[in-house]
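Shared chain: chain A. Partners: chain B in the first complex, chain C in the second.
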Partner chain A sequence: MIGDFPQLLINGLLAGTQLAVPAIGFTTVFAVLRFPNFAVASHATIGAYAGYLANTALGLPAGAALLVAFLVAGAFGVASDEIVLRRLRTAGPLTVAIASVALTIVLENAVRFAFGNDPRGYDLAVLRDWRVDLGWLGRVRIGPQQVINAGAAAIAMAVLFGFLGFTRTGKMMRAVADNPILAALKGINAETVARLANFIGMGLAGYGGMLIAMDTAVDPLTGFRVMLSIFAAAVVGGLGSIPGAVLGAFVIGVGEELSVLVFDPTYRTAVGFFAILIVLTLRPRGLLGERAV
Partner chain B sequence: MTLRLRRRTALLGGLAAPFVSRLAAAQTGPIRLGTLTPQTGAGGPYGPPMVKTVQSVVAEINAAGGVLGRKIELVSEDDETNPDSAVRAARKLIDVEKVSAIIGTWASAVTTAVAPLCWENKVMLFTVSGADSITKLPHNGYIIRTQPNTYLQSGMAAQFLAKSGAKSVFALSAQTPFAVDSYNRLADVLAAGGAKALGDVIYDPAKTSFRSEIDQALKTKPDALFLNSYTPDLAVILRELYRAGYEGKKFTYGYAANAKLIESVGAEVAEGLISFAPSPDLDSPSYAKIKALLGNEPDPYSCQVYDHISLAALAIAKAGAASGLAIHDSVRAVGNPAGTKVTDAVAGLKLLAAGKDVNFEGASGPCKFTALGDIEGCRFRFDIAEKGKYRLLSLI
Partner chain C sequence: MENYLLAMAVFAGCYALMALGLNLIFGLAGMVNLGLVGFFAVGAYASALLTVKLHLPMLVGWAAAIALASLLGAAMALITARLRGDYLAIVTLGFAEVIRLAASNEIWLTNGTDGISAIPAPGRGVLSPLLFNLQFVVIVWAVVGLAAWALARLSAAPFGRVLRAIREDDMIAAVAGKRVLAFKVQAFALGAGLLGLAGALYAHFNAYIAPDGFQPLITIYVVLALTAGGTGTMRGAVLGAVLVIALTESTRFFGGVIPWLKPVQFAALREAAIGLALILVLYYRPDGIIPERIQPQEPA
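Our next item is the complex of A and B:
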């Protein structure tokens, strides 16, 4: 059993990098708008389909298709916020959160209406795994596609950190996330920042959705399947904290895989719930969160 | 005072009127039947053609004058391949729409969830689910299924695997009500055939990655893998098996291995996948009719619901009443081997109206049921995926 550990750890780390991108998207929206936007699930799906169209219908390579996934999901994010969620913001975060659940169901079914239920695949060769000998630790296999995905996830994260750390707009976003009232006094337009947060957050969800779909298949439930894990990653890391979302994604990714050592794989989903439970009990603000939610 | 009383009486009368007319309609108006099929969720690829098939039979029956001089009114709901949603939809069908039969529940978990609502309300449930446990429920005869149960199917699969030379088989099963039964039967029949079941992993089909599960399976070095999956998770598993360099036999249920699966994963990944399914009666005129309606080779479920709606209509005609109880009492009587063989409802209804006995044999097969509600027997087909297409290996 313990001989499986290195392989499970690698599986978990690779799963974690994929989970991190939509989790960052989720937490970015939370940081600025202070509500959990569950529509991240359908936006991940929309991203996966946008990338699918770009890849198969337009013949774009995977990298360009990922960019399309980001832009389309981001645009959908801004539009759905303008049309649906923004009007409800005055009614409080719980109302908007519930509306976002409804929104995700509507969008998921719109995708289903347009594309049908059948799983689809990208126009990418399925690559055989690399086999690596770790000496006394045994042999492990690593999927090239997953490594590529991990790289793509790392690039997205690096760009985002660069944007938030070094650009004026990025600093504006952080200011609003830190203290909306103070930011308003400084003349930062909260609505512009909200739109930007939605664009980036949902765009990242779409980017992450396509990464997940590249590893598996595109279907209308692509985003919904990972919703709980995304939410768990963001909560564990501390809602609103971007480094927290990354850490949370690794905790959930590795946790779900390592749980196989102890439990039947059927119970893997429970790991996410269990992690939320422990973190909210012992450290309500999450691992890297600044304040309790 | 008197005025107010009168007003109140009038109001009450007005409120009650729709219910009275509804009640009257239950005996003379259209006969209401429901479909509860997966339009969305893992079963989503199957629900739409199923409903289309049922609608076409209803249209035919209505065009020929209906049943007992009454039209059939079809109400279709989506079970979302999800027990929670299915129960809500079944409640609507039973409580609001007052249907006397529900047709087409697909996933075993869904059928298990809605079955008690049906038998408690004396509504006949026609299903295409395969889990053994379903007909073992205390349903008092309110469940009929045209899908061979897990016991029959797994036994067939195991026989085929043992004969094909696989000495050891590992099972990967999505978490379903039939996963355990299926594996146990598989293991028994394999053992009888001189092969061995190495174990099974039951996984959560809602996950996006099954690498760790596959590692567990491949560690046992099986000759063959029995993939008890649905299409979306099978697509992921096949890719991961390919990546892992697995070269042994891959075996799965026909409902998971459809044409879209190959499109999704690509010919190379699907190569060699053997699928098996209860086969409809390919020579039946009803089968040809469904094929013409859907424009391609119909899946087994469309054929089965064709038979469900036909059986329901015939049973109502035979009983002379449209209630669930009437269908319950007469559904076996319209498959009377002594009667005239018919393959569609309209022909059968004519004979019944003339006072003759009918023997309905539909698109899915002979439609003869055991006391528990299981199908007595049917044919099986085995297909193999080769260069992006399925080729018929054998028909048993």
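Our next item is the complex of A and C:
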């Protein structure tokens, strides 16, 4: 069993890289709008389907389809906030959070209405697994698709970090997340930043949703199945912290894989829940977060 | 048709009991619970297993359902009580998923996805189906009436006033010398107990439970029931539950109206309607049909 350790660790790191993308999306929306937007699940699904259509109906390569997934899910994120959630903001963050659960059910069923329940696959080249000999650690198998996905995830994260760190708009977003009142005094339009946060956050959810779907399949529950892992990554890292979401995603990704050594594989998704409980008990603000109370 | 209507009355009673439980947790104490279906499932499985596997009497099963759900509710509240509500929302949502996962995978205990069948109930097979259903309508609604009455008393008592104070601002309640944590844990445990009891009633009436029956959508039904009826009022919670059942069941009959709709599309429309209804209620009737009125305190 312990001989599986290197293999599981590699699987976990690759899965964590993919998970980091929607987790960043969730935490970005939280950082600016200050509520957990549960509609991240349906936006991940929408992204996966948008990429599926771009890939199979339009014949775009996977990389271009990922961009479509980002843009379409981001557009849905802005639209659903404008139409549904924005008006409820005055009623408090909990009301918006509850409405976002209702929203995710509406969107998930809109997808089900359009595409049915049957799982669909992308038009991807089937690649043979790489086998790597690690000497005394044993041999590991690595799926090329997973490595490609992890690379695509890393590119998305690098672009986001560049945007937030070096552009004026990115700095504006960070300012609002850090101190909305001070940002408003400096003349930053909170509504513009909110729209931007929704576009980027839900866009990343869609991008990540397609990455995860490329590993498995596209169906109306694609996003819902990884929802708990996304929340767990964001909470473990500290809600609202983007580097935290990345770290949290690695913790959850590796934790889910390594849990197989102890528990039945079907319990993988429960790892996220218990990680949330442990972190909230010992360090409520998460590994890199700031405030939780 | 009578049998169907009576069965719906039983289900409406179960939802009403859940709405009452949520009303105590969220309506009075202001704590979110998006894992209602988890506590409901815990109650259903606890009572079903004790009566099917250990042949204990049904009332023992119900008591165990209340106790176990309360215990889990108390634990949940303890872990998250000092954190913002967003965390409680995430934790409870995760809790319900883990319960469903455990119910599907602990096959030695729960039969997995095959579920548990032949859950006993007094009079099953002896009474005619009509009388059996009628009997259950009486039992369930007696429980609902009792719970609504007791909670209304509790809500008017100092306990309820403290919960409302905590809901509005727990800092002020703490400054006023109230032990906020203890009140929150008690309210959550008591409310979760009602959710568990609703599950037990459902299991014994339905005679069969399986993980598939505990979808997250049920949580939304109950949240919709309470919001539409009137968060904070017991009559509102019960009324809302009846309305939600009426809504979900009446849409069932529109299936033939649009012939080109596939069954999966029709099912998707019905589910989407529930989400849409909740959003619309939050827009136009956030206080519900029977809004909460807080009695001004008589000067002593």
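FYI, the second predicted complex is superposed on the first by the 292 of 293 C-alpha atoms of A that agree within 3 Å, B and C clash if a C-alpha of one lies under 4 Å from a C-alpha of the other, contacts with A are read in each partner's own complex, and residues count from 1 in each chain.
One rule holds for everything that comes next: a residue touches a chain if its C-beta (ideal position, glycine included) is under 8 Å from a C-beta of that chain, and two chains touch if they have at least 3 such contacts.
Keep in mind that this is a model prediction, so the values were computed, not measured.
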**Request:** Sticking to the clash and touch definitions up top, decide whether chain B and chain C on chain A clash or fit.
**Result:** clash
**Message:** On the A-aligned overlay, A:264 touches which partner chain: chain B = first, chain C = second, or both, or neither?
**Reply:** both
**Prompt:** So, does A:35 touch the first partner chain B, the second partner chain C, both, or neither?
**Reply:** second
**Request:** Could you tell me if A:119 is touching chain B, chain C, both of them or neither one (first, second, both, neither)?
**Result:** first
**Asked** Which of the two partners, first being chain B and second being chain C, lies in contact with A:56: first, second, both, or neither?
**Response** neither
**Message:** By the touch definition at the top of the document, which applies to A:284: first (chain B), second (chain C), both, or neither?
**Reply:** second
**Message:** I'd like to know which partner A:129 touches here: chain B for first, chain C for second, both or neither.
**Reply:** first
**Prompt:** With the two structures fitted on A, what stretch of chain B runs into chain C, 4-12, 58-66 or 112-120?
**Reply:** 112-120
**Item:** Common interface residues of chain A - those touching chain B in one complex and chain C in the other
**Value:** 109, 112, 116-117, 264, 266-267, 269
**Complex interface listing, chain C residues touching chain A** = 32, 34, 79-80, 82-87, 89-91, 93-95, 97-98, 101-102, 104-105, 217, 219-220, 223-224, 227, 262, 264-265, 267-269, 271-272, 274-276, 278-279, 282-283, 286
**Message:** Which residues of chain A touch chain B once you look at their complex with the stated criterion?
**Reply:** 4, 7-8, 11, 15, 109, 112, 116-121, 126-129, 141, 143, 145, 212, 215-217, 219-222, 225-226, 256-257, 260, 264-269
**Request:** Flag every residue of chain A that touches chain C in the complex, lowest number first.
**Result:** 30, 35-36, 38, 84, 87-88, 91, 93-95, 97-99, 101-106, 109-110, 112-113, 116-117, 228, 231-232, 235, 239, 264, 266-267, 269-270, 272-273, 276-277, 280-281, 284, 292-293
**Message:** Touching residues of chain B toward chain A in the complex: what are they?
**Reply:** 40-41, 44-45, 175, 201-204, 206-213, 215-216, 231-232, 235-236, 239-240, 242-245, 258, 260-261, 263-266, 268-269
